[in-house]
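Here subunit A shows up in two complexes: once beside subunit B, once beside subunit C.
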Partner chain A sequence: MTLKQRVGKAIPLILLTILTIPVIVGYIWILISTFSQRTYGLIPVDHDGNFGGLTFENWSFLWNDPNIWNVTLNTLNLAVLLTVGVVLISAMAGYALSRISFPGRKVFLGGTLILHAFPSVTLLIAIYFVLRELGKIPVLGKGLPFIGGIGYNTVGGVALVMVALQLPLGIWLMKGFFDNVSWDMERAALIDGCSRLRVWWEIMLPSIKPGIAALSIFTFIGGWGAFLIPYTYIVDQEKSTISAYLRGLQGDTAPVNYSQIAAVGLFQLIPVLIFFIFTQEYLLSIFGGGRKGGT
Partner chain B sequence: MAVSTSQVGRPAEPKTTVRDVLRRMSSPLLFMSPAVLLTTVFFFVPVIILFRISLTNMTTATGLKNYEMVGFENYLTILSHPNTRSNLLTTVKYVVFTLCFFNVGMALVMALLSTHVPRRAGFVYRALWLLPRLTPSVIYIMMWKYIGANPPYGILNRHILGPLGVAPADLISTQPFLFVVLTNGLIGASFGMIVFTSAIESIPQDYMIAALVDGCTLWQRIRHVILPMISWPLLFVTTYQTLSLLTSFEQIMLLTDGAHNTEVWALWAYHRALNNYWGNFQWGFGSALAMLLVAIGIVMSIIYMRFFRFDVLVQEPKIEAL
Partner chain C sequence: MRLKLEDLSKHFGSVVAAEGINLEVRDGEFVALLGPSGCGKTTTLLMIAGIYKPTRGTVRFDERVVNHLAPRDRNIGMVFQSYALYPHMTVFENLTFPMRLKKVPKERMKEQAQRVADMLGIGNLMDRKPGQLSGGQQQRVALGRALVKEPDILLFDEPLSNLDARLRLSMRGEIKRLQLRLGITSIYVTHDQVEAMTMADRIAVIKGGVLQAYCPPDELYDEPRTLFIAGFVGNPPMNIWDAEVARENGAFHARRQALDLVVPPERGEKAADRGSVLLGIRAEDIAVGDTGIPGEVYVVEPLGRDDLLTVRIGDVNIHVLCDPGMNLRIGDTVHLDFNTRKVQFFDPATEKSLLWGV
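Now for the complex of A and B:
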């Protein structure tokens, strides 16, 4: 390998590094800040402004505040419900839109695209009334264990709203992935008398695992970090999510303890990072597999 | 191949009974019904409710019962409102800058760069770019406020501008638009990056090897192999991100709350209808503002569909007759 080739290989890496610096600076500060009394720029200082002041005090919310575990469970609930709902429903609709001819198919595809134009801010007002109506349904409305129900002021209701709002994204993504799967295996299975449902479950879904993983990542992240919708539709503090809890920490009139909020933020970030790294490995390895039928 | 098998396999079907139709429609019904149901309940019904509210003078003062239908009065108010012009301009600037430089531009650059370095390194960089999206917005915006804060706290002032001799300032209030685009752009770029990366990695190796054997330069490979193969994801990301930028306001709300001339249209509607310091929520006026956003979104998505030859991309399925 000549020098020129080496330089050519290094250029993308150098560019990547330069472009990425602005992204990570804030996180370096968060890491330092959560273990410091306060910070000047990226330098940890104590209350007098001298270098030092390292502390674990900011993490005391973990054992001092019983609410944190409550809201963590709610957030996990919401994120899992959302992910399962979005992936399942968009994989079904995406398959039909990609492979089955039926009246209204084009309309629905174009409509899905346009649906996202509905600004969620406007829907916030109107969906409030819809959720109140759903809440009036006996049992299903607000009597379900664990998720509360599907009405106003329940985790299930918020999850349902968020599933609906994320469907345009999910359906389009899934349709795009289904379009790229070869027709041969599916055709063979259908000729052999396989039902559409079975083809979808046993042949198509395994073929688009990378797409499912990609959609799951985005949906789970969306649910785990969601702020505006849970904040709007869940009024009871014990039912709320971590983001709303964080907002509460800042909402007090007392001087804001940024180091402590950063610690809660890092706490919220850790499970997502683990989840993401795990799935990304899976995503990368799946491309090496020999599942392609013959494009 | 483009000929559908229904035309070939069933040239003359004497009569179509109701049972036949039901049997043929059963699988699309099964697959589509959950999506159709949710879309109806949480998109169409709310939009009808919204449109109705936009024709009323409903506010906190009138309550949910004692309002009156006022026709298109709210829309006329928007036309003559002193803030309309500046908020519209802010919105257009915000969408165009963020989309070009970050949500599509930077996303494509990151996807191309990170797929042309060793796999492990590409993974690390993509993971880092996903961080802004993973981060709860409250924390993320707090980070940016700290980056732009006054000395001795702010990172930019302390470590870059200070040593360069630039006068210290609260950068969020002196450069609000720059920070609005940066905060939203760094979040938005990761979406396109992931989608483009998946698409680039799905391109069969044969094409790349063939291009390499033919002696293609890097630019030729990008222009003639990669870009045509990822046209669907490009369409999707451009369209989706335009509309999502048009309606997004959460980060701006947390960063400036619309101060310093950063009140985008969606935030304006939100402030009027759900959150303002007068405490008198103008549901009617806010809904009218929002309905206009819906209209703009529909027009823009139709333009995009034409531009990307949507009709070609949604070609009819080939095996529907089986």
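Now for the complex of A and C:
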């Protein structure tokens, strides 16, 4: 390697490092502050401003507040429900929109795109009324185990709303992946003896595995970190999610303990980090999914 | 299984992909659908497969109308240009997929897949995924998948187009041998006239969605029904120029400036006294020698066994094959001796042959 090549290789690395430093410093601060009484920059200090003051106090919510485990389970429920709902419906709708010609297809495609561009905040009040009505349905409304139901003030209801809001993106993403699967493969499967549903399940879905993985991961992470909608439609503390719990710590009257907020935030982040480590390969494979031969 | 297409048409909106195709295929026959890209040959094939529903007309297997049957109920095997293997399955799973759907017992499935794979020389690749195979191997797997369910009709959609020239040549022979041995009625779509000529028992030439001719290869070559066929079939393409045919002293002369050919009366009289007609003659029916009509060598293209000459007579360029030993150079004067017994005449307006009825 000549000197010129070395320099050429080093420049992007240096640039990337410089750009990443603020982010890394942020994470380091979170980590340090969760174990300190206070911080001065990146230096942990005690209440008097002297160096030190290391403590597990900020993590005490894990054993002192039983609600945290409730909230964590709710968040997991929400993320799983959201992922299953979005992926299942998007995969079916995307296939239909990609492969089947039916009246209204173009309008539907355009419509979903517009819906996606529509800011969901503006719908909050309207959706509130819808959820309140849904809550009046016996059993289904608020009597279901685990998810609560599909009405107002339930995890299921929030999942329902979030699925609806995420669908446009999911459908378009899935349609794009299906568009790239060759017609010939589908024809071959039809000739080999598949029904349309079986083609979808046995041939098409395995062919777009990277797409499904990507959509699942993004949706799951989106559901895990969701704030606005769970915060709006769930009022009871024991039914809410981590993000809403986190918001609850920033009381309007009492002084805010930022170190504790950092601790809860880190607690929320851990599953996502683990999840990412195991799935990042799939996420990257979206860009390298080409294979030999087929068109 | 016999196959019969009656007045088969397919329109996509206002686009006519196939129009009024009538075709009969005998049991065990190998028929090629030949035509340029976008001529409707694949559309026709997909209608036979049941993927497309015809706009009009019927498809018959033996005497049974199968228009309403789904592809999976037609017992056909199909080989695609893109191979269309299932990338997430191994070769074995690809081969057994049709049988698995039919719920064939496992033992028989295994046995059958192995037999077909051995026949095609891919028996040792059973555990590989399609992505780990070469193009030729993938095409063999695709062929195996079509054969393994013992279809009544085999459909090929340009199966060799993605292979390199050498492999194409050997696969051509293999497919032909296999088809003869198994005796399965086969329809083979191709845009390559050499493939069609070498493999098929009969060739159906399609252009613009319309069937132009349906006959054995030699007839297609010797008696082209239309100008399109004359130009499309054969390499180099047939020489064609405007000429006027006149009767003089009992002989027929096809004339264009200095190009004056005496043509046999049975061909000449069909083209005589019609004003300008199109005259066609193949390169191999013209001999380069010391006698005949003089012309100037315009281009010399060595092909190895022959040299392909372009000779200019008046304002007409004529392709001729000659012995490379003659050592001709651009600008040399040569004499062309035309074998006028092989001359063709076409009506310039309808582009149909004046010699052979459609």
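Here is the rule we use: the second predicted complex is superposed on the first by the 281 of 295 C-alpha atoms of A that agree within 3 Å, B and C clash if a C-alpha of one lies under 4 Å from a C-alpha of the other, contacts with A are read in each partner's own complex, and residues count from 1 in each chain.
Rule of thumb we're sticking to: a residue touches a chain if its C-beta (ideal position, glycine included) is under 8 Å from a C-beta of that chain, and two chains touch if they have at least 3 such contacts.
Source: prediction; values computed, not measured.
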{"item": "First (subunit B), second (subunit C), both or neither touched by A:L19", "value": "first"}
{"item": "Which of subunit B and subunit C A:D184 touches, first, second, both or neither", "value": "second"}
{"item": "Which superposed partner A:S207 touches (first subunit B, second subunit C, both, neither)", "value": "second"}
{"item": "Subunit B versus subunit C, judged by how many residues of subunit A each one touches", "value": "B"}
{"item": "Partner chain(s) touched by A:D192 [first = subunit B, second = subunit C, both, neither]", "value": "second"}
{"item": "Touched partner set for A:L160, first subunit B, second subunit C, both or neither", "value": "first"}
{"item": "Subunit B and subunit C contact sites that coincide on subunit A, given as residue numbers", "value": "187, 190-191, 195, 292, 295"}
{"item": "Complex contacts: residues of subunit B adjacent to subunit A", "value": "4, 6, 25, 27-28, 30-32, 34-36, 38-39, 41-43, 45-47, 49-50, 53, 106, 109-110, 113-114, 116-117, 119, 121, 123, 125-140, 142-144, 146-147, 152-155, 157-159, 182, 186, 191, 194-195, 198, 201-202, 204, 232-233, 236, 239-240, 243-244, 246-247, 249-250, 266-267, 269-270, 273-274, 283, 286-287, 290-291, 293-294, 296-298, 300-302, 304-305, 310, 314, 316-320, 322"}
{"item": "Touching residues (chain side subunit A, partner subunit B) in the complex", "value": "9, 12-13, 15-16, 19-20, 22-27, 29-30, 33, 39-43, 49, 88-90, 92-93, 95-96, 98-102, 105-106, 108-110, 113-127, 129-130, 160-161, 163-165, 167-169, 171-173, 176, 179-180, 183, 186-187, 190-191, 195-197, 200, 210-211, 214, 217-218, 221, 224-225, 227-228, 232, 242-243, 246-247, 250, 258, 261-262, 265, 268-269, 272-273, 276-277, 280, 283-284, 287, 292, 295"}
{"item": "Of all residues in subunit C, those that touch subunit A in their complex", "value": "46, 49-51, 70-72, 74, 76-78, 80-88, 97-98, 101-102, 130-131, 135, 138, 145, 149, 157, 162"}
{"item": "Contacting residues of subunit A [partner subunit C, same complex]", "value": "182, 184-185, 187-195, 198, 203, 206-207, 209, 291-295"}
